[in-house]
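See the structures that follow.
Below, chain A partners chain B and then partners chain C, in two separate complexes.
Right after this comes the complex of A and B.
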């Protein structure tokens, strides 16, 4: 008899060592995420995968599934918290979707639609984050960074370069590159790095391919992020 | 990388060599490297990265995390005013203004000649003798306008700190009530000898019988923690003493380290004996850096006496030594997994738990992290046995507790009480009158109103890490909560979304109310943020951050409501005020240059 837990009342089988998020997605149930990636250990910073297990709020990406436990995820309460977290991510950066090249391929934008975020709700922070266009192939627009550290992890753990790191603290936290000049052109970053392809939002953009796919025909224009994610799940 | 080679710096090479080019010493290296120029210029970071074979970005990441590391120039005299609510109540803002005026300086900016910079910092642990400041890391308490005048003059004359009047740097212990611990007169090694005589198992039995719980606030059973670390796989176990006493209003560890350092180090050795650890760290908060020389002297004395090192007290196989690791201004490093990250030379970001430090801590090794007071208390248990210890206090909270008392009372300082003492008794002893509220446990703790003063200090009633801040009838509890909200926003590590953004949003709402733009809708948003922070934060900092607001909103709601200008919605900005700069530029102040926002509002 395989182990299972109840997700919103529905049985979800799992194997020992699987997290709530992994088991749920494998069974065809969507739990949202921004900082989680199947090829990396859980990070647990975006908190969009927050679920209620045994009455406690936990990150589904970092919490092992437990036999017989009850987990709440797709409920008005949890989805309300997720909408709030998305609103927080929108107001802390500078996200102007209509003029962003990532529009339609952006996971943050797609989650905004998924969770029916109709207003930013809070005051915008309007941080001052200059762009870095120094690299011949790639543009960095820090205005859209959500601090998922996927580029940090990909560059360090897969590309073996450590091109990116976070510095500062709290709301002043920001992404920096591995050069005294602070310019991407002065690092050994390449457009073929995994780190160049992993940004879920519009920070790391490839030059000269903008709008190759017209808006309206992009990934999340044709299907919601929940549908796309489940389609890609094993 | 195509970074140009940095100019040679023998001093920096010396710092790197002193730390064996060890990347886990990165934070210590940055602290020492900063001594060279007073700040950390970009080429210095590049050179440190090269010397440690680390990516430069990682070094920059660490340098940017800690408040006391500077990647931009600061003054040769770096003045930091302690900005706890108790400092504010003693008038620190007026003193800061006065000093800046005398030095022709803007707060937060460095003077054009690079001589001096003046700004604020989180609580420096001198609440019993505030208002306080740090000048280049050295603490000065009991600031008055007279003293500020003198300091301004000394800075203008560029007098070296060593030549400043010695009484400025006198820090008083202010011990007002002693009990078992503070009254203990123990010869160094006595507790350790007793524990060794009992054997490791016998010693752990006594610890179990004592029912000692962690004095850092969470109250976890110390014996259980030690047993887990002892039973964890891995041989090179680690004992860490958490002296990152950052909770606003807490200063008992400062006094323990200043006057009872032997008890603290002996307690660490007792932990090492119990769990079989060979390596110990004292994580000393950067604000207490001035204690380091005397602590090193105590360690040297203990080594000479055979209380540290190999075969301690002649016991073959009991090898243990202690190193001091300095923090650099980051409250979050009081969280044990963030502390361990910091010990490893990284940004102080709390880890995902489990695994807990007792199984996977410092460099993946089993690590027992305990508070300063917890370590000191274990000496009592070793000397007199667990049963004797458990005979005091209450059934669930055995032994005594040190309280750091500050705020509106006649005799602020350190008070040691058996657990179970009622708030009223404490207020009476310290000479508090007309008390409106007491903040117990610091910013992350609980705010008690007068109708709760019959409650008791105990894990089962009012738990505390030791802070006890008193507010009399003249104080505004909204401003108290607002100060704590500012503190948490400043100290959030920024790792998780709810805490990074939520603490800043909360700060924005409290400031909006303070500025007279509050509306009832804001109280609803504050409520919502409080809940989200509590539920969804990654660590205890985020989940405790709304505590001051939750408590004061519930118990002192009028302090909020009288700030509301509208029962509905009100924007946080004033359109007409926003045009002020345009009016100044165009030199207009006629009626046409103003918006009549107030007449349009429905009131």
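Right after this comes the complex of A and C.
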């Protein structure tokens, strides 16, 4: 008999080696994520995929599914914790949606809608993070970085360029560009890199196409992120 | 004996560090305004031009807190309103005015009033009647307790209408789908 676990009381089949998140999405159940990507090993930094397995909080993206285990995900308790994580992400950077050209295509914003976040609740940090507009094709707006390292991983592991890195610790942590000048123009970064297309928020933006699709007709204006994700997953 | 009409709820509104866009959006509820005036009456508001807020059921605050007068008005609203609502992105997050928060206030003022091209012998306004700016712009929940938040820049007319009708009818207000937007 095939192996399965219970997700919010529903049986979810899985193959040995699959994580809770992979098995759940394959079976048509949504578990949210920001830093997870199907082509990369789990990162476990955003914690949006937090679930309760055997009474303990674990990251669903990094925890292997176990036969017969019981997992809580889409519950008021877990969704409330996700909302709290989103609120912390929002106050940590400068996420000013009304002026962001990623608005409507942004996964952070879409998750705010999904979990009905009405207020950032906490005290805003208002950090000082200057933008880098040096590159001819791509703008970097560090204000919106959530430190998911997707661009870091894509540039290093797929593009073979290692253009990005995180540096600093805790409150000082920030995204940097791997050039002596620190400017994107002084790297071999190209707008065709995977790293140029992988940012879930509005840090890495292609120039001259910002409002080609008008606000109101964008990806998450049309459908929720849970519906979009399940539609796209295998 | 004629039945006693239910008391109308008293509503106050104001714009702190805002652009009045949320008030314009409030007017965008269009013909619902006729239903609304049967349910509420206005206290202090740009719509009535009453200057001081009295005891109210609902207070709607547009805009963040950018100067000492904003703090004073906001606290006065909190003292007088049973339910205080942050209306729009600026009240909820600080919004556009808060984009100056990573700059020094004196640099901002000097840039605008002294060094802007075309200005000669410019000086920073210092009339005692002008409220002193704060070093940073704050969302209103960082200054007073806030009961509800309506995000959006501005929140749509339908979102404001849904929220107010929920609240007036005694339901827990809820914004989902098209009604919940941050931009």
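Following the convention adopted for this analysis, the second predicted complex is superposed on the first by the 234 of 234 C-alpha atoms of A that agree within 3 Å, B and C clash if a C-alpha of one lies under 4 Å from a C-alpha of the other, contacts with A are read in each partner's own complex, and residues count from 1 in each chain.
Convention: a contact is a pair of C-beta atoms (placed from the backbone, for glycine too) under 8 Å apart; a residue touches a chain by one contact, two chains touch by 3 or more.
Predicted model, so just to flag it, every value in this text is computed and none were measured.
A.B. asks: May I ask you to decide whether A:168 touches chain B, chain C, both, or neither, giving the answer as first, second, both or neither?
C.D. replies: First partner only, chain B.
A.B. asks: Check whether A:97 is in contact with chain B, with chain C, with both or with neither, and answer first, second, both or neither.
C.D. replies: Second partner only.
A.B. asks: If we overlay the two complexes on their shared chain A, which of chain B and chain C does A:53 touch? Say first, second, both or neither.
C.D. replies: So A:53 meets neither chain B nor chain C here.
A.B. asks: Tell me the contact category for A:199 with respect to chain B and chain C: first, second, both or neither.
C.D. replies: Once the two structures are laid over each other on A, A:199 reaches no partner at all.
A.B. asks: Thinking of the overlay built on chain A, is A:127 touched by chain B (first), by chain C (second), by both, or by neither?
C.D. replies: Only chain C; A:127 stays clear of chain B.
A.B. asks: Is A:139 contacted by the first partner chain B, the second partner chain C, both or neither?
C.D. replies: A:139 contacts neither chain B nor chain C.
A.B. asks: If we overlay the two complexes on their shared chain A, which of chain B and chain C does A:150 touch? Say first, second, both or neither.
C.D. replies: neither
A.B. asks: Kindly classify A:112 by the partners it touches after superposition: chain B alone (first), chain C alone (second), both, or neither?
C.D. replies: A:112 sits against chain C, while chain B stays out of touch.
A.B. asks: Do chain B and chain C land on any of the same chain A residues, and which?
C.D. replies: 121, 123
A.B. asks: Which of the residues in chain A end up touching chain B in this complex?
C.D. replies: Interface residues on chain A, with respect to chain B: 42, 44-48, 50, 57, 59, 62, 81, 84-85, 88-89, 91-92, 121-123, 125, 146-147, 156, 161-173, 176-181, 186-188.
A.B. asks: Show me the residue ranges of chain B that touch chain A in the complex, using the header's touch definition.
C.D. replies: It is residues 1-4, 42-43, 45-46, 55-58, 60-67, 330, 347, 352, 489-498, 500-505, 508, 525, 528, 532, 535-536, 538, 572 of chain B that touch chain A.
A.B. asks: Considering the complex alone, what residue numbers of chain C touch chain A?
C.D. replies: 86, 89, 92-96, 98-99, 101-102, 136, 138-139, 141-142, 146, 148-151, 153, 174-176, 180-183
A.B. asks: Could you pull out which chain A residues touch chain C in their complex?
C.D. replies: It comes out as residues 90, 94-100, 103-104, 109, 112-113, 116, 118-121, 123-124, 126-129, 215.
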